[in-house]
Amino acid sequence: MRYTIFGESHGPAIGVVLEGVPSGVILDMDFIRAELKRRAPGQNALSTARKEADEPEILSGVFEGRTTGTPLCAVIRNTDTRSKDYAQLQNLPRPSHADYAGSVRYKGYNDYRGGGHFSGRLTAPLVFAGALAKLILKEKGIEIAAHISILGGVEDPAPEQMEELIMAAKNDCDSVGGAIACTVSGIAPGFGAPDFGCNAEGIFSQYLFAVPAVKGVAFGAGFGFSCMRGSEANDPFYMDDKTVKTRSNCAGGINGGITNGMPITFEVAIRPTPSIGQEQDTVDLSSGKDAKLSIKGRHDPCIVQRALPVIEAAAALASCELIGI
Amino acid sequence: MRYTIFGESHGPAIGVVLEGVPSGVILDMDFIRAELKRRAPGQNALSTARKEADEPEILSGVFEGRTTGTPLCAVIRNTDTRSKDYAQLQNLPRPSHADYAGSVRYKGYNDYRGGGHFSGRLTAPLVFAGALAKLILKEKGIEIAAHISILGGVEDPAPEQMEELIMAAKNDCDSVGGAIACTVSGIAPGFGAPDFGCNAEGIFSQYLFAVPAVKGVAFGAGFGFSCMRGSEANDPFYMDDKTVKTRSNCAGGINGGITNGMPITFEVAIRPTPSIGQEQDTVDLSSGKDAKLSIKGRHDPCIVQRALPVIEAAAALASCELIGI
Amino acid sequence: MRYTIFGESHGPAIGVVLEGVPSGVILDMDFIRAELKRRAPGQNALSTARKEADEPEILSGVFEGRTTGTPLCAVIRNTDTRSKDYAQLQNLPRPSHADYAGSVRYKGYNDYRGGGHFSGRLTAPLVFAGALAKLILKEKGIEIAAHISILGGVEDPAPEQMEELIMAAKNDCDSVGGAIACTVSGIAPGFGAPDFGCNAEGIFSQYLFAVPAVKGVAFGAGFGFSCMRGSEANDPFYMDDKTVKTRSNCAGGINGGITNGMPITFEVAIRPTPSIGQEQDTVDLSSGKDAKLSIKGRHDPCIVQRALPVIEAAAALASCELIGI
Amino acid sequence: MRYTIFGESHGPAIGVVLEGVPSGVILDMDFIRAELKRRAPGQNALSTARKEADEPEILSGVFEGRTTGTPLCAVIRNTDTRSKDYAQLQNLPRPSHADYAGSVRYKGYNDYRGGGHFSGRLTAPLVFAGALAKLILKEKGIEIAAHISILGGVEDPAPEQMEELIMAAKNDCDSVGGAIACTVSGIAPGFGAPDFGCNAEGIFSQYLFAVPAVKGVAFGAGFGFSCMRGSEANDPFYMDDKTVKTRSNCAGGINGGITNGMPITFEVAIRPTPSIGQEQDTVDLSSGKDAKLSIKGRHDPCIVQRALPVIEAAAALASCELIGI
């Protein structure tokens, strides 16, 4: 299964094409809509005011409610676009956004409105793809669950703490970063390989780094390994009835690039959204001079909570690749 | 350029095939040997006693001292093998090694001696490939430098501190983990893309996670982003003569999956080597019962210092892919 | 540049996603529509009566009339569908159609109406993709032209001969096959490689065999080589001003999998469309017994002439891959 | 399973690396040597006088006589090299050889001796890889058999006719071309897909065109389709006990890019070897002037018979990809 996401934030539509989908999967649209809603903006004061129905239209690959096995294209129309908010940005790249790098990459021809193809909005079709992947995995007993492990420096924050942190940042015209921990349970031992392009960590990381704002990926004890000794880091084996298990899971379910039957656990670092209301230093690409920028428009003071279903989606697609779907 | 590493720790040879090498590159064997020596074992009390000349034989792809552009195969013969050290391991998987996962993956047919294809010894051909990549990149003004950022929990340790930490672990029949920071400088802005399979972070991470013992990869501020606000995390642009630069480099030189012209910076977490002399719990795969294991043989109390040229090699190969070589 | 075609003949829409499109290409819609029209059905008595506007809607990847460089999705809605014509086919596979093989492959879940994803209608988005590729190639001086080399056994037939052959077949409730010769001119020497996955013939053939009804691909003298001696088959070199050329072009512009600067020439065999009105033997998949089938519905007695822009499209996409676009 | 061939005709060695080999396959070296012998030169007056033992050394991926599942590298040393025969060729490209195209491609750095990486000698490691693929396929009931269908224009020639044709060409300092027909039997229905990169014809053609001298590939009736009507070309279905079969097999076992359970049949066109003793026109690349060339050295007047195991090897590797090995 291979996905390709297309679309621009302020273009006619965004969407995804999935190739290699197994045939016969019941397309549970209630589940898919629920997943999309977890990501959708405009749900409360903590996220952007942009409202989008995010109702996917299936153009192909589904017949009588089931996947056909041929390429599946789903499209989500853009409706609530306010392109003029972004007109000023064409020559004033927003710090830590892709505006400048993208304009070099695409020689100035990319659609700059609302971040264009770089917009977080493009994660909607990713969540669609991930929801389909979850439906496939569920039949095989594989489940995926993510939670916020850090928000604004606070580990395992309670909901009210998160709300406070986000509202405080919003009031300061600022944003906050965090980290998301995710567990994939139910994958049998023996998937992956040590080799380039085949190892389990590499496969997961490629899907996870394709999510905007992800800047770090670590498995099991992750960067905690740098403070550990082997005697703490090693996961002793034991027999649980007839199954080989490990007492700890510092390795995050992966040894030598291959699953060992324990849950795959990983954490991703989510950078604070770079769209902040404070005045920032930038450059004017038309004049080649330093400039000041105050970003208008609608944005999230924190995307970590909205990123949860996106990280799960990426993990679901990675799991499919890992187990050969 | 694409690399494939082959070989087993106690088989006849290990090696690498490189496809898509640019033609005409002078194969500076002095440089390549120096790189291999940085990784080689048996150089002091801090690493394994196994001694290997690690002299590569070039079988193809080089003519009159330059690369031909056709596939280049380099082979390193194994010489100092003591296979009987490992005979006991066939049924007693070493905790946190790939013994168990690998035996499931390969249905018990993999070469278990000395870790077989999972051995750290397989990083020698990777260093060979990386050395060639460095020669190619150097002509384009791209340089790569890694250093130990954490060892056994100590940040930016001095050499004598490292030696103490490692010897202490060795005396305890234990091992220590760490982290390596790496900088790739000289890559122009505009390489990469936001899309799956094309983004700069994803490309680097796939090469880095193919290095044994790497369990985390983070770019720029990495997991530090989880404690930051956007106003700290954003890298303000400014004009340096006629070049767009950023005052800070929290993004590690990558915005939206695309290089922005600043140095690419990343850190990798290196787990403590799982081969330790202490008795450990494991299972006996032949009887299906719990068992005890004391690993004999020769191993490193710390592989972080030997991993430096390996991480640089992976970064060099990733850089080649990123810039289209 | 990589293309993915999606859609079913009687589903909501068909379309294509193109990744890796160069940015800044002017999307000449007049040219694209003209190419689509060359392929469109319902234009005269020689082709199927199905009428489709085949007007593509661009959902992404184009901004202010130029390609952005991000994935481009174009969609063509299906309008003139008569699904009930095909209801009988679910259990009676049409000889030499993909009905049976497809139903095994997709476990019976594929959309069988009008051939579903196997329909020749899916070549419309391929022609769209090829038209874009032609626009890119034209800027580099590369041109592609195909013509009918054989129709119903007649070599290089004149238009009136073709019309007679096709009408005769139509009157017999039959169909006719043919062959198409194609030339790609303007590709410089030095593209391709002898290796698997890189050689020029292999690249072209993969695109050409992805066109329904293509059953053979041959370069230069092709199967004529089997009757030749080396002295006839060899193309002698000569200097044309400062350019190396060959006096003949039996090799079809490719030596050792690499372009030699001469036009790339190839021929493809097009099987007669398997949809014929005559009663045919088949099996009833529901009862497992032999059965008879008379295909109703609308179909072409000959698709060779409509395949011309499709073969050119495949050649254009192959040329892009070959020269590294 | 993926193969990479490396080596040059007059370098130290040629060889192949195979990734993704199933583990546990018994490496039947007698069979492998017999396959290599079918291809080996120097066996009689009809082929080149160069003698090579072609004894493969297995460097990796095999343990206790079985494949391990990790990359398998096999190397064949070059022994009987007479490089000085080729010294003159550096500036005088041989007509219809890859000398000129290759020198442009590799900027003059490729090893020109004996054709270098373009040499037919590189088919020895391909036969090794194919022999391993045959061993894997045999366990699944899949068999591959090729025969000469045309030689020097004579269809289905008897051995003595072939010998006459070849000796006649040899006496004329010339060479002859031909065609090879091949059948793959035992592949179940349902493998492949209509889509680019997945269709059965495209998969086979990519492996076949990677064989030097192959200039055409056609399935089933192939170019014969261009003279047929649908009523002749269609393969009627019938029930053979409980199996769906077709009475004819014009489609060569493939409908819509998917196997239908009938034998896969195809034919390849083999060009006459371009190395002929007659004086030929060429150019002098050093002076940029027209020149004459008489090729010395040892070469085959006909490679069609030696190509049989090579075509079978390519078909075996393609079959593995098709059925997901």
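Order of writing sets the labels: A, B, C and D. Residues in every chain begin at 1.
Here, contacts are C-beta pairs under 8 Å (C-beta built on N, C-alpha and C of every residue); 3 or more make two chains touch, one makes a residue touch a chain.
Keep in mind it's a predicted model, so treat the numbers as computed, not measured.
Listed by label, the chains touching chain A and chain C alike are B, D. Farthest chain from chain A, judged by C-alpha centroids: D. Comparing the contact residues of chain C and chain D by number shows a mostly shared set, over half of all numbers used being common to the two copies.
A rotation of 180 degrees, rounded to a multiple of 5, brings the CA atoms of chain B into register with those of chain C. Chain D has its Cα centroid 45 Å from the Cα centroid of chain A. Remark: chain C and chain D have CA centroids separated by 26 Å (rounded to whole angstrom). Chain B and chain D have Cα centroids separated by 38 Å.
Among all residues of chain B, those that touch two or more other chains are 4-5, 19, 70-71, 105, 117, 193-195.
Those residues of chain B that touch chain D in the complex are listed here as 4-8, 11-15, 17, 19, 23-24, 57-61, 63, 66-73, 75, 105-111, 116-117. Note for the complex: chain A touches chain D at residues 19, 70-71, 193-195. Chain A meets chain B in the complex at residues 3-5, 93, 95-102, 104-105, 117-118, 122, 150-153, 169, 172, 174-179, 189-197, 199, 201-202, 205-207, 209-210, 212, 214-239, 242, 244, 246-247, 250-252, 254-261, 267, 269-276, 278, 280-283, 285, 288-290.
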